[in-house]
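The same chain A turns up in both complexes below, where it pairs with chain B and then with chain C.
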Partner chain A sequence: MSAQTQLAADEKPWRRAGEKPFIRINRLTKKFGEFVAVDDVSLDVYQSELFCLLGGSGSGKSTLLRMLAGFETPTSGTIEIDGQDMANIPSHDRPTNMMFQSYALFPHMSVEQNIAYGLKRDGVASSEVSDRVADMLSLVQMSDFGKRKPDQLSGGQRQRVALARSLIKRPKLLLLDEPLGALDKKLREETQFELIKIQESLGITFIVVTHDQEEAMTLATRIGVMNYGEIVQVGEPPEIYEYPTSRFVADFIGSVNMFEGRVKEDDKDYVRIASDEAGTDIHVGHGVSCAPDQKLWFAIRPEKLELRRKRPDGDFNILKGMVEDVAYMGNLSVFRIKLDSGKIVKATQSNRVRRDDEAISWDEEVYLTWDETAGVVLQS
Partner chain B sequence: MNNKFRFLPIATFLGFAFLYVPIIVLVVFSFNKSKLVTVWGGFSAHWYGELLQDPQILGAAWISLQIAFISASLALVLGTLAAFVLTRIGRFWFKPLLSGMTAAPLVMPEVITGLSLLLLFVAMEAMFGWPAGRGFTTIVIAHTTFCLAYVAVVVQSRLSDMDESIEEAARDLGAKPVRVFFDITLPTIAPALMSGWLLSFTLSLDDLVIASFVSGPGASTLPMVIFSKVRLGVSPEINALASLMIGVVALGVAIAAWQLLKSPQKSKA
Partner chain C sequence: MTEAVVNSKPFQWTAKFLAKFGLSGRGLVIAVPTLWLLVFFLIPFIVVLKISFAEAMIARPPYSKLIEPTDSGFAINFSFLSYQYLVEDGLYLAAYGSSLRIAFFSTLFALLIGYPMAYFIARSSGQWRNILLMLVIMPFWTSFLLRVYAWIGILKGNGYINNLLLSLGIINEPLVMMQTDFAVYVGIVYTYLPFMILPLYANLVKLDGSLLEASSDLGAKPIMTFLTITLPLSLPGILAGCMLVFIPVVGEFVIPALLGGPDTNMIGRVLWDEFFRNRDWPTASAVAIIMLLVLVLPIMLLQKAQDGQNQDKSGI
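Coming up: the complex of A and B.
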């Protein structure tokens, strides 16, 4: 079985066979001395996509972005944008623009001058420059701030100016390095949706680098998860979350409970995994390509676990443990449950009623169960 | 507790008095009417007038200003280049050594700098006839070498503080490297350049020891003239001259410091 088959093919270009990618990254490698920052990455991004490169610090995502912008020269491999090889094109001639993490606004220039800078370098007539600057300012809702200097703006305002400046040349590809990283949580959430709106209205292809998985989930048409310079999985946000292909991805995106086990029964329609860690047999309701007695991992998200006081029927998919901790988060409560094997399992329950005196609490003995299709089997 | 609070202002006062009373005395006595330096004979600006009549002093002042201007400007260019090399060219194994060597003239005893330059000039003249004799040119060269170190240090610190992504942003928006330098880099480091130049200018104006070594007939700088006059006895005229120099140097240093302080707010990420 493969996860991808469950997603129906529709109009999305990356799902259509034979669709021509807009950006083609082919076997790209970047070494700094002995250190391999980007390791043999191949990636296709399609027109008008909002593609997120997601990874921790040092995963190579920023280096990849900087190679697209032309600030770093690849050690090997090629980058093609709209059919054009970028190998010998310096950054000032590329059809890309970048929005920097620090925003990199020119401190000695006003907001208008900052935004106009790119057009002036292209020798655009000054009447057109001022029109387009005004358009950009209104697009990012900064029309009243054109005469200010960057140090007279708040973080959110600077972010808007940086966005306007990087969009004004109508690049074929906009590169955004942690575009919302410097904003506080509330502002970040609002800005995410604005960013999507702007991207959709302009139709420009965006590649966003972020370490924030929530941000990637909200923004992206597709996500590429990076680790140690490699892209470990590419997929749409639900696909990445529900069908991770490795323990790294499962663990990196959201939170997950992972059980190590061995294949006990392998059938066309199901597999049975024996896990000492879980203290129960795990029944997976679909076929898995595996060898008998093979070691593998079963991953299940905390919200997919059902919490009960009474032991459910059956002899599989049942965990027994003691509530060690309950964290009330407002919209949901997170239970930390210690199994007999000593393993801690996380389960979440949404708080549908305001006050629940019957709620499961500290030091109670509980059972956890889940649907046979709720988790994923991971082989690496 | 109280004692401590009383002690601090007193200590501060004494410290500053130690530093500045001699200068204040000098300035006050430059307005002394009496011909005797140590006896107060009433207020007068007479000696300043006298100063303007003295061709030797005026000539020396003119030479000093020219030397200071030229060597500060040369040091600015060379020091800035050195600063760029030291901050922008990636890591190489002897970079710390190079960096230390650039700054070494700051702590080198002037007598040694002066002597070694003198030996160099003499040897060069013997080998290929340039610089012919000692004088204006040799002083300019000597001052440039030690001022360069100051400029390099000041500009280097500014450059390493600078957010390089603003240069990348300019490149990204279509500016060629030269354009980036003039549009972005230069305005950003301008305060450091300004203060480096002013610092060099005042240092050159101040210098007595090195100039004495490498100077020749006909090129006496102002400090040299003052020093030779003082050896014959302090005159109120010298007090007046010294007061003027203090004024010029203090102004230069003050502007340099102000330039460095007001330099654009470090961009908060």
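Coming up: the complex of A and C.
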């Protein structure tokens, strides 16, 4: 359908045909009574990936993670890690470690004891344990805090201890459940990059569960978007953002304007969509495989809309409306424009000038236009 | 609503009136339990302490006065005879020792039986949890005495256990269970088990399941997780349960009297005999005071240990 196919095969293993996946999830289903938490999920994750499972609450992402860790038994389907089937392997024998959303630090143990716990269970010699704990503490920049108890640490420090504890055994696969969820915004942004740095330096495969799409975008090599227990789309962050395959994904990731319409002209190189909601014909600059007169949705991101006072030339891709609201966000302004059909369209403009007296303001009549390749046609 | 009450005139007047006597709202709240403890605990304790320093005599009341008016004022007659008697007569020391021993082992048995029960209740699902807790508390609905009597029916020579074993042909003649230490242990553990289970349950139910998962995730087998995570974190519950069982069992009178034999020599029984058979109130009082000291010391040590733990948590 689109530019996905134009991306050249390169270093990235998931783009190479025939590459052997490191983690292979095959038709995995988990039911709690009648409720289907994870519904027939198949997914391949490759060595050293930082894969994000993204979804709202109740989408099944945490259940999927817990099945990988061995805390939940799948109702059906298989999990393979590094060629080894995980069925009947209890969590304490799996080559995985998990960083819990609540961190789950042992409150009666010091930071050092917490981090050393996994190694001690494996019977590693105590001199080696203390060396490796010291290494881990310096990796997460917590060397001065080894003797403290978890409740004497701040949220950010606890997060680091939890990370160190889950990394010390060098698991084949590290599972992270909302790893940055409990941190404030500023700290979260700093920690994101640190997490990527650590992941790249150790080369351990990470699977991260998050509900925060920005976090997923920043961290992930690839994102799997989950909804109602199913994985609805898997792709690299730009792919997910620019080429969503369904209305759910388009709407869940970032903000989007969606217009319902019907196919008017269908050609090899373009499609024309008539949309009452938009009040204009929508011209899409590439072919779409669809039936004549089929119902479709056209999705376009707010930053791809161009805002003008004067009507642009042409007879398609032009919306007309009144500025209902302007939200000044600092780096950009968000315009809410009410079209004649009553639909509200969002458009953003970056504030390149410090003070713009000519800026479009409340209750002005404006036109919106866009490039013929700026939007996405969705069929479901 | 509450604000309206607080701001109302009558409330303000009352508060001002009380303030004249140095009473604030907080003072009043604390005053009630303080008064209760004073009247029903401290004063009786002082009376008992006073009697323990007197001498037994045939009189009414059956002990000498500590302060006696004489021709030239007052004479104070402090007597340590009762305490001396306690130390010299081996019976009392043996009774203390035997009480502590029985209390110790009963507590241990109650812990060994109660811990798995509390753990199981805490780990079961919501509706089952309530039913099981109900079952633990249910015996309290029947009189304690009746329940101990019921044990006589179960344990005696032609009781249920012996009849069952005889009819099954496992034994040829009845086992002697009544009037032994065994019967006393059964009675005590049975009676005090809820006091062990409830604080343990309250502790274990708070245990964060993700800690157990984290332990397993880091490679600990279930038994290791129990020893390194569950057990240390439930220590406050264990201590509370043990205290609630140990302390009353040391002074237990009814169970050894009903189920125990002549050689079950517990301090509660000695105290009863001194008081009612010998009418030796000073010795009985001294027995009670010593028992209190024996019990207060471990409690104070425990509290100090717990305070230390709390400080450990709050201090940096």
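Heads up, the rule we're going with is that the second predicted complex is superposed on the first by the 378 of 380 C-alpha atoms of A that agree within 3 Å, B and C clash if a C-alpha of one lies under 4 Å from a C-alpha of the other, contacts with A are read in each partner's own complex, and residues count from 1 in each chain.
Everything below uses one rule, namely that a contact is a pair of C-beta atoms (placed from the backbone, for glycine too) under 8 Å apart; a residue touches a chain by one contact, two chains touch by 3 or more.
No experiment lies behind these values; they were computed from the predicted model shown.
Aligning the two structures on chain A places chain B and chain C in a clash.
Judged by the touch definition given at the top, the superposed model places A:S143 against neither chain B nor chain C. Contact with chain B, but none with chain C, is seen for A:A182 once the two complexes are overlaid on the shared chain. Once the two complexes are overlaid on the shared chain, A:S42 sits clear of chain B and of chain C alike.
In the superposition on chain A, contact of A:Q84 is made with neither chain B nor chain C.
Residue contacts after overlaying the shared chain place A:D122 against chain B and chain C alike. When the two complexes are overlaid on their common chain A, residue A:Q379 makes contact with neither chain B nor chain C.
In the superposed model, A:Q152 makes contact with chain C only, not with chain B. Contacts of A:R165 after superposition on the shared chain: both chain B and chain C are touched. Shared-chain residue A:S76: touches no atom of chain B or chain C. Where the contact sets of chain A with chain B and with chain C meet, they give residues 69-71, 90-94, 96-98, 100, 102, 104-108, 117-118, 121-122, 151, 165-166, 169.
Chain A makes touch with chain B in their complex at residues 69-71, 90-94, 96-98, 100-108, 117-118, 121-122, 150-151, 165-166, 169, 182. Against chain A, in their complex, chain C makes its touches with residues 208, 210-211, 213-222, 224, 228-229, 232-233, 312-313, 316. By the touch criterion stated above, chain A contacts chain C in their complex at residues 69-71, 90-94, 96-98, 100, 102, 104-108, 117-118, 121-122, 148-149, 151-152, 165-166, 169. Only residues 163, 165-166, 168-176, 179, 183-184, 187-188, 264-265, 267, 269 of chain B touch chain A when the two sit together in their complex.
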